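Next up, some structures in structure tokens.
The two complexes that follow have chain A in common; it is paired with chain B in the first and with chain C in the second.
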Partner chain A sequence: MVVSTKRALEGAHASAHAMRQINPDVVAAYPITPQTAIVQTYSQYVADGEVDTEFIAVESEHAAMSACIGAAAAGGRVMTATAANGLALMWEELYIAASMRMPIVMSCVNRALSAPLNIHCDHSDSMGARDAGWIHIFSETGQEAYDNTIQAVRIAEHPDLLLPVMVMQDGFITGHAVELVEVADDASVQRFIGSYSPAHSLLDIDHPTTFGAWDLYDYYFEHKRQQTDALSKAMKVILEVGQEFGREFGRPYGAFEPYAMDDAEIAVIVLSSTAGTCRTVIRELRQKGLKVGLLKLRVFRPFPAAELAEALKGVKAVAVLDRSISFGSMQGSGPVFLELCAALYAAGSKTKAINYIYGLGGRDVLPVDVERVIHELKQVADSGEVTSLVSYLGLRE
Partner chain B sequence: MPKPNASWKEANIAGLVLEPGSAAEYETGTWRVQRPVHDADKCTHCMICWVYCPDSSIIVKDGRWKEFDYFHCKGCGICASVCPVKVEAHQVTGKPGKVIQMTDEKK
Partner chain C sequence: MTGCQPKGPEQERGAGIERTGSTTAIRRYLRPRAIPTPFCAGCGHGILMGAILRAVDGLGLDFSQMLFVSGIGCAGWIPSPHFDTDTLHVTHGRPVAFATGAKLFNPALKVVVIGGDGDIASIGGNHLIHAARRNINLTVICANNQIYGMTGGQVTPTTPLGARTLTTPYGNAEPAFDLARLVVAAGASYVARYSVWHIRPLIRSIQKALQNPGFSFVEALSTCPTQYGRRNDNPSPLGMLQAFKESCITLERSRTMSQEELAGKTLIGEFVGG
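Let's look at the complex of A and B:
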């Protein structure tokens, strides 16, 4: 029986609260704005004896992820948190964690990557790590950050996967905003995540095992094939865990959340907090009779390509809102747009797709911006012509 | 060691090596471009080559130099470099130099 209480929490505190209830064996982390609230709060839990965690205050994020990999190889349940340049400093370890199949769970409070120096939200940090082999789950609210963090443990440790999971929330907008968050009792969270007993561990001295050994042209390729196979199995696990979480805690999760999509002729796809703004605008435009819907993308890696193509069947035109640029890509579009174009092409879809870059470095996205997107999207749907593939929202032209 | 030529479905996850000391079964001798040769008549069994060999490829028995482990020797030449004993004409190469000399690896 789950006993829930409603609490006023910042998104970062909601993540830290979930971590306290998960009570991992090891947390190795370094503070960086806007993630600091997570590490600071968690280290307080450790100091106050509220958790059993070995907290390693490292000298950098490079060291943080290295320590996490070592602790995970030793068989521990391991968590960390970072943002922006901290994530960038973890670069080689991100790949190593995924390739060594270490089920580490990390909060990433999305923040712009320098330069020029900026500490506010966009998705350029985690999007840069999109091919590192991690599972990427985005959260719209503090509630979702809390829920996704708990689910991430189950997803990461699933024996078919053994993959690290990154749980995103928007820096400041979600991370530092106080919202009502429904938190479960500690025992229910513990029951949901269960215990973790890895098949192989460095501390299992009766079965000496070498982790991360030299792997040449005669085996490396096979291990990469295993890795991509694990990612291909991840969506099934993510959906199962999302449904089970719904049964236990009353909030089910899928790969994406459709809103007003049933008879939609045009649709918007967006990640994280901006979904709230889009939903409000779409609700108003629906009342005016416009057949517009929203797909709030939750899981970016693995990308739900076939599922999105299916959800967009019958939709004439779709706009993808990207909070980062894949520099040098097709017309400098965003990563979500590129993935969606590939998905639509592979499905033989005739749906027109356009892209909007928005919110870089924390630039506000306002309802009037979303109205503009939907207005232009309607023109594409009516004319069947795309006049501008990539546009910018809220930019001084 | 994993099964030779294991498919991706058979290979150990993430390249884990589940047996200790299995590097002994991995043939690194195929990397060799130059092959060390030894003059048994002139060797003083000082064991300096044994101390310096980074791949434990100098085999010693009863305190005496016995043989090279060509299965693991990568032909780095350190043994030939550190060997302190000079010869007029090497037993194998016929050339002046040291007790251990490097020769071209016959493929």
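Let's look at the complex of A and C:
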């Protein structure tokens, strides 16, 4: 029986709380705003003997991810957390973690990348790592950050996958905001995640293993094929774990969360905290009779392409809100938009799609901004014409 | 290079450190718009900022021919955006590498790196030892407050054994780097360590560093009352400065002292190139 209690927690503390209940073997981390709240809370748990984790305050994020990979290769359950330039500094090791199939779970508290120097939220950090082979799960609230962190362990360690998972939440907006979070009892979390014993690990003296060795044109390609196959299988696992989590803890999860989509003629797609703003606006516009819905995307890697195309059947026009730019892409659009366009094209969909870049470097996105999106989207749906493919919200021009 | 000349009559500059105690003398090197600084009240970095400008003023250097490179951290704010000349504010850990590039392209520039202990010696430690090994003509001033101040007070590789930090609430279990000796071993041609309490020798050592034609390193022991002092029973800025007065021993004096007498003391002075 799950015994839940409600706590007032910052998003970062919700993640740290989940980590405490997961009680990983090793945590290696380097501080960076706005992630620091996670590892510093965790180091207090370590100091107070509330967890059995070996915690090491390493000298950089590159060292953090390297130590995590070493610990995971040695067979440990391993976690860390980072943001922005810290994630960028890990870049080399992100690929190593995924390619060596290390089921590391990492919190990424989304923050803008320098330059210029900025500590506030956008998604340019994790989006820059979108092709590194990690599973990317986004959280709207502290509750979701907590729930996703727990699920991430099960997803990462699934024997069909053995893939690292990044759990995102919006820097400051979610990470530093206090919300009511329902936390389960420690035993239920432990029961849900189960124990971890990898089939292959270092220091297994009877079965010596080599990781990351020389692999040229003879087998490298096959290994990459296996890796992409594993990510293709991940969606099934993510959905199963999301359903099982729902049965246990009362909050089921899918790849995305539809809101007011049943008879929607136009729809908005967005990640993380801005979904809350969109939902509020959509609720009001629904009362005025506008057939508008929301798809809050939760899983970005693997991208739920066919599922989204299916969910958008019957929708005349969709607006994708991106909190980062894929520089040099089609009209400088955002990564979610590009993925969605590909998904719609592959499904033979006639739905029109437009893109809005918003919130870079922590710029606020207000209900009036979302109203503008929906207003322009309605014009696209009515006319069947896209006059502006990529627009900016709340920008001084 | 587009740095601005400090304002004020030329003859007022270049009069050595003895007459550069006034605040007006160094104000001319600061961008009025950038003042007040973002430092907490009582932060040692403000004292170091003054020391650097007094050293520059005393030498009569052409400020417009100077480039200040800094990374991320409270110490990184000492030159940027405050100094009214060229400043390059770069990523955490990399200012020495950026400075190396700038110096290679324009050797006529006087290139000064100012950064925290985290920036220069933790995440950026590799660049520090390699620049010292090459003995490239840079001046690196490390504001060592023994903590990651900006991110809220986590343990660094320079935090003393046993000190309490946010990530070591019951005391640090790892020994600290002796930065001055590390850089000596790496091959620098001028290395000094003073604290922001020892203001005159600190200014003089910065002047020597600026004049040394090779790699110069000044470890400036600084104070962070907010993140370090508070956690280590010394929350007052003045108390932290007085602690330097008591714990720092000059190299000369140390030669007359026994190992027992030196326990817990910090050696200050010029380690190489004095």
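Everything below uses one rule, namely that the second predicted complex is superposed on the first by the 397 of 397 C-alpha atoms of A that agree within 3 Å, B and C clash if a C-alpha of one lies under 4 Å from a C-alpha of the other, contacts with A are read in each partner's own complex, and residues count from 1 in each chain.
Following the convention adopted for this analysis, a contact is a pair of C-beta atoms (placed from the backbone, for glycine too) under 8 Å apart; a residue touches a chain by one contact, two chains touch by 3 or more.
Fair warning: this is a prediction, and the values are worked out from it, not measured in the lab.
Chemist: Between chain B and chain C, whom does A:332 touch in the aligned arrangement: first, second, both, or neither?
Modeler: Touch status of A:332: no partner.
Chemist: If we overlay the two complexes on their shared chain A, which of chain B and chain C does A:254 touch? Say first, second, both or neither.
Modeler: Neither partner.
Chemist: Tell me which partner A:223 touches in the superposition: chain B (first), chain C (second), both or neither.
Modeler: After superposing on A, A:223 lies in contact with chain B but is clear of chain C.
Chemist: Does chain B (first) or chain C (second) touch A:246, or do both, or does neither?
Modeler: In the superposed model, A:246 contacts neither chain B nor chain C.
Chemist: Let me test your reading of the model: by the given contact rule, A:209 touches which partner, first (chain B), second (chain C), both or neither?
Modeler: first
Chemist: Name the chain, either chain B or chain C, that contacts more residues of chain A.
Modeler: Counting residues of chain A touched by each partner, the higher count goes to B.
Chemist: Could you give the residue numbers on chain A that contact chain B in one complex and chain C in the other?
Modeler: Touching chain B in the first complex and chain C in the second, no residue of chain A appears in both lists.
Chemist: So in the complex, which bits of chain C are touching chain A?
Modeler: Residue list for chain C touching chain A: 72, 89, 91-93, 122-123, 125, 148, 150-152, 154-155, 157, 166-170.
Chemist: Which stretch or stretches of chain A touch chain B in the complex?
Modeler: Touch list, chain A to chain B: 99-101, 162, 200, 207-213, 215, 219-223, 225-227, 229.
Chemist: Across the complex, what residues on chain B touch chain A?
Modeler: 2, 6-9, 11, 13-20, 22
Chemist: Mind listing the chain A positions that touch chain C in their complex?
Modeler: Residue list for chain A touching chain C: 30-33, 36, 39-40, 43-44, 47-48, 57, 59-60, 85, 114, 117.
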